[in-house]
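Shared between the two complexes below is subunit A, which pairs with subunit B and subunit C, respectively.
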Partner chain A sequence: MTATQRLRARKAAAHTFLICFLVLILVPFVMVISASLRQGNFAPSRLIPDKISLDHWKFVLGIPYQEVVNPATGQTRTVKADTPPLRWFWNSIKISLLASAGIIFLSGTSAYAFARLRFAFRHATLSALLILQMFPMVLSLVAFYVILDFTGQYAKWLGLNTQTGLVMIYLGGISNYIWMIKGYFETIPPSMEESARIDGASQFQTFVRILLPISLPIFAVVFILSFISYMSEYPVASVVLQSSENWTLAVGANSFLYEQEKLWGRFAALAVLSGVPITVVFLLCQKFVIGGLTSGGVKE
Partner chain B sequence: MSVEGGYPIRQILVALVVLPALYLDFAIYRTGNVWVALAMLIVLGLGAFVYLSDAGYTYRYLFPGFLGFGLFVIFPIVYMVFLSFTKYSSQNLLYFDRSLALLRQESFSVGNVSYTYKLYAQEEGKYILYLENDTDPTKRFVSGPFELKPGEQPKGPHEPVNLVALPPNEGVPGHALEFAQVTRQKLFIPMRGREFALPDETLVAMEGLQKFASRDRLWTVNPDGSLTNKQDGKVIRPDFKLGFFVTEKGEKVGAGFRTYSGFENYIRIVTDPRIQAPFFKIFIWTVVFSGISVVLTFGVGMLLAVILEWKDLRFRRAYRTLLILPYAVPAVLSILIFKGLFNQEFGAVNEFLRAIFGFAPEWETNPWGARGMILLVNVWLGYPYMMLVCTGMLQSIPPGIYEASAIDGSSAVVDFFKLTLPLVLPPLMPILISSFAFNFNNFNLIYLLTAGGPKMVGGGIAGETDLLVNYTFNIAFRDSGTNFGLASAIATLLFIIVGFLAWINLKLSGRNVKI
Partner chain C sequence: MSEGSVEIKELVKTYTDDRGRPTFTAVKNISLPIQDGEFMVLVGPSGCGKSTTLRMVAGLEKITSGTISIGGRVVNDLEPKDRGIAMVFQNYALYPHMSIFNNMAFGLQLAKKRKDFISDTVGRTSKALGLDHMLERKPNALSGGQRQRVALGRAIVRSPKVFLFDEPLSNLDAKMRVQMRSEISRLHAQLGSTMIYVTHDQVEAMTMGDRICVMRDGLIMQVADPLTLYRQPENLFVAGFIGSPPMNLLKGKVQRREGGLFFVETAEKNGLVFPLRGYLESLAGNYVDKDVVFGIRPEHLSDNIKEGAAAPITSTVEIAEPMGSESLVYLKAGAGNLIARIHGEHLYHLGEQVTVQLNMDKVNLFDAATENVIR
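Take a look at the complex of A and B:
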């Protein structure tokens, strides 16, 4: 075998491996799409649905449709979701956007102090931030419940079963992002800010007018990462949000899968309708995210 | 800092935040939450100082972040540690004061004086109660207007509503309700929970649906804190170790209360066989799960990264984009999708395996099947992250080192293990450790995929696939065994373990750490 033949064989092997691997990875997605279009509520198990029906999509979009109740007589009834499930998707987007904006503000300002200012216990505080954040959010639920129950007595819009209350709770998860932004700030030489100070700008002005504009890429990364992690957050949302019109995508999607009755078709339709936009946005922002990942930060 | 632009903008902003906050603080103080009000006052004072004084300048940037972090990360941890030293569960749920108040509220019917009643509807959901003594109809009493919420059990003990004697010729304002209306509007439900005090301070309360009867408090409070039962003379006193009021024979009476228990919860983890056996089993599974997850995701991710770094391969970009997909889809959705695919009877995986190989693993009922499924799903979820990180690392290796070894005639595989891996492993260590820590607490995966199932034989609420964090969650929030104290103790141990991992990680990563 010549060298070129050997190279060609190795390439073929690599392609075969990658394609087989991709099939394994992508089949679940195809099956979900198929389950969302299949009549009846079956667990995803087919690549192509046998009987195509748009009922699940209609249900998720909140459009009424006719369901056959008695096949013998052909009797039907109108089915319409009380809360259109797509609303959960919208709730999730709202909550994640607000929480991510808050995270940007809180971690950005703190990171500036850690990167550019000197104060007592700076290093110790930085380490403590990271270690304390390791405490899983799920186990803070008792305390979150106490906090929201309390705030709700004075401001109803900040209590249990409110989206604002959930956003407020989410604002605690800043330490990984402080580290990321601080790392980025430190790669920017302070000389520009120093010369602006000499020209009479205040410290705050150098932060807002000089450092922030240069650092937009890292803020994009932080925004996307925190957005993704809050889109997937389940336990805290499931305890805080009790009424179905307030639910997030994660809580709503899981609600279709009771132990007794698993509504796979509806779940699949919701997964497709809400998963596709998120995935597309993620792929469009790929460059940013990958850049941010290599600087450390685990998706949660 | 001098004021910019001539206007004291900063001062005005501070005032705009602080003044409403002070008002709120006062409201909190007035409702009796003195300590919370004090804490809030201190935080407000600190905030005002930081934003007004030049000395606090640095902290102007830190204050908002620290406030959020303190409230939603540090406070929950402190609260959890505090709870771990208390007895606090579904049996010992109330504060001592509440538990005592409930006992003092208990009453029993005395004598045979009974009253006929009538309710008079007033405006805004208020009612007036009218009572007439059955044996002596001239004895008539009437209450002031009080609120009744139809069909709702009143929350907590209420002060009795006072009744006054009604002069012979006077009527009662408002519209009298028929008996049928009282039942139909479900007004009797909140009525049953209320007590009324006659002018001579005897209590009356509803007995059945039609009558009122006089009642007396069941317990008298003695100066030493014990309570005496007026009916049978039994004496009970609070047992602060048990968190219950107990009789001399040790019988529990009334609702349990929260109490300090020292290290009892921690001791229970180590000694109580019902906790100890599942705890250690779950601990080992948690470590094994995290370890295998890291190794597998890293292995698959690295393999793909190496293949995709091969410059001569076509369609590399397309492959990479498709391979990232599992990372792009929200994890909650993917996990639930897999729950369907691995459905033991109807799922795609078993239908496929049955058709091709004629066997179907028990992904749901067999502990090993469930564990295998969890690992498979976790690899699917986790490899893209590792692939991305490894790609970054591989690209930072100077290509020169491979040329040197190519001359020696070594193969690609040998190159990888002898050259590449030793180069990239040390800088990847922090990421591998944080991935380990992340999986250690991977609550979502287990909760949504198997919910801990199958159940552990003889393990109570423990499941074979539960991670420590799920087990803790179950103890705290699920089933009747709700035990916040014990859950807090386990959570505290968990925090120590994971915090230690994070600390090692900090040391290894060489981030400028000085602790």
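Take a look at the complex of A and C:
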């Protein structure tokens, strides 16, 4: 085999591997889209449905449609969701946006403290955060329930079955974001902040006017990550939110899967829908995720 | 007291860990008065406490004990912005997301100065520094020298009483460094402000400083003007640190032999022996049979000495570095090596036997035990 042939063979092997990999990722995605467009709720048999039906999408988008009840007589009925799934969609976006914004604020400020200030038990606290975040949130479900039940007695808006309560619980999951942002802050030379301090900036002004603008990329990343994770979070939301008008998309979608009947079509349509805000947020944040923001300020 | 004077008194800096337990003392009780308008250079090897001292003057580092006064006012508890200082950092520390104009104007904007005052001040300063055509650019579009000039400009617009420089030239290439060196010296002459300049480069220290403070291990070794430092080092450290190539230092003893006192180099064989006459004899009187260090600068070894007492030694050339008007010749003599800076264009060859004369009027004797000069 000549060198060119060997190179070609290697290229072919690499491409085959990558294509298989892509198929592995894309097939489930295509299956979900196809399920949302297929008539009925049978498990998908073929990738491309024989007959395209928009019924599931109409249901999800809250548009009434006719469904055949009895094929023999041709009797139909109008189907419309009790709670419009778009409401869940809106709930999810609202909760994810609020929680992500809160997380940026909380983890950004704490990361600044951990990266720049010196205080007792700094290292111990950091390690504790790292260890605590290794336990999944689900483990504390019971505790969340009890806590919200308790706070609800004093502040209704912070009790069980409230979206604010859920956001509050989500805000607890900041430890890995603190680590991420702290790591980024530590790559920024302190002399930049010191020089701002000499210029007369207070600690807060330094944080807001010097550190924040330079740290936009990491905040964009944290925002995307937390937004995605809360758009799709199920266990906590399903326990906290009980009435259907408060549900998030994940909880709502799951409600289509009854023991007796699994409405895969509606589930799939909702799942595809949930990808839209994630994509939008990603595209919006992407332009901030650019390298080299700190370049030029200091000589490394 | 004039407003640009800086008085450092019994200053101590002990670093602590997160819980406030002391870990390391970087500055060990130093006192240093700096006059109004003086260019004071703090120089020393890394870890000697020079930067820590500067950062305490700036207010970036908390003072453990002692006081720092600027213009007669104790500033220990004042914020950096209230101390009347400005600082230029080694890594420029510009704000990368701001234009050059905003970089320079940031301090004035925070101080809520009027808009036209700010643009006027920044405009004037940037013009003087040759930056006026790049005010809209971001720092990353500038070269290293230009960036440091922006940092300089940012310091100037604050019109401080005291300028602080923390190794501002170490990140620049050799040519830029020489240019910026004279630029800072010119600035000092123009503004007449007090400047405190930290460097590890003794050439920078010698060429720029009105006075130089040599530090080691958190202590001041000597404070003097450049020439005094060069001619009359107070201890072995300063003698070895200042000057390039460094002073020749020979270990040995003072011995009384026939005909007076002699310096005898410690060696298994062929140790050098120099007669101590005149002022050296009176200095060495108390050190008979004691360990001393004999110091002589390379330029005081010569192939012909016209004046002063000379002591000839025979030596072999090990390395010769012809520099044009002079040669640095590394000689093997006695127990070790000597460096001679010999004028003239004579070309020395490896292994050549040379007889050089030591100018005994320029010798410094040090007490080997205390490392201090004998006087």
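Couple of notes before you dig in:
Convention: the second predicted complex is superposed on the first by the 276 of 300 C-alpha atoms of A that agree within 3 Å, B and C clash if a C-alpha of one lies under 4 Å from a C-alpha of the other, contacts with A are read in each partner's own complex, and residues count from 1 in each chain.
Convention: a residue touches a chain if its C-beta (ideal position, glycine included) is under 8 Å from a C-beta of that chain, and two chains touch if they have at least 3 such contacts.
What you see is a predicted model, and the numbers here were worked out from it, not measured in a lab.
Judged by the touch definition given at the top, the superposed model places A:N41 against neither subunit B nor subunit C.
Of the two partner chains placed by the overlay, only subunit C lies in contact with A:I214; subunit B stays clear of it. Of the two partner chains placed by superposition, A:T83 touches none, neither subunit B nor subunit C. In the superposition on chain A, A:P189 makes contact with subunit C only, not with subunit B.
Once chain A of one complex is fitted onto chain A of the other, the partner contacts of A:I198 are limited to subunit C, with no touch recorded for subunit B. In the overlay built on the shared chain, the residue A:S175 is in contact with subunit B alone; subunit C does not reach it. Legend: residue contacts after superposition of the two complexes on their common chain; A:P136 is shown touching subunit B, with no touch to subunit C.
Contacts of A:H123 after superposition on the shared chain: both subunit B and subunit C are touched.
The wider contact with subunit A, measured as residues touched, comes from B rather than the other of subunit B and subunit C. In the superposition on chain A, the residues of subunit A touched by subunit B in one structure and by subunit C in the other are 118-119, 123, 293-294, 296, 298-300. Contact residues on subunit A toward subunit B in their complex (touch as defined above): 7, 11, 14-15, 17-18, 21-22, 25-29, 31-32, 35, 42-46, 102, 105-107, 109-110, 112-113, 117-119, 123-124, 126-127, 129-136, 138-144, 146-147, 150, 153-155, 168-169, 171-175, 178-179, 202-203, 207, 228, 231-232, 234-235, 239, 249-250, 253-254, 257, 262, 264, 267-268, 271, 274-275, 278-279, 282-283, 286, 290, 293-294, 296, 298-300. Residue ranges on subunit B touching subunit A, taken from their complex, read 1, 4, 24, 27-28, 31, 33, 36, 57-59, 61-62, 64-66, 68-69, 71-77, 79-80, 83, 304, 307, 310, 312-313, 319, 321-334, 336-341, 343, 346-348, 351, 380, 385, 388-389, 391-393, 430-431, 434-435, 437-438, 441, 443-444, 447-448, 469, 472-473, 476-477, 484, 487-488, 491, 494-495, 498-499, 501-503, 506, 509, 511-515.
Per the touch definition, subunit C reaches subunit A in the complex via residues 18-20, 58-60, 79-81, 85-87, 89-97, 106-107, 110-111, 138-142, 144, 147, 151, 154, 158, 171. Within the complex formed with subunit C, the residues of subunit A that make contact are 118-123, 189, 191-192, 194-201, 205, 210, 213-214, 292-300.
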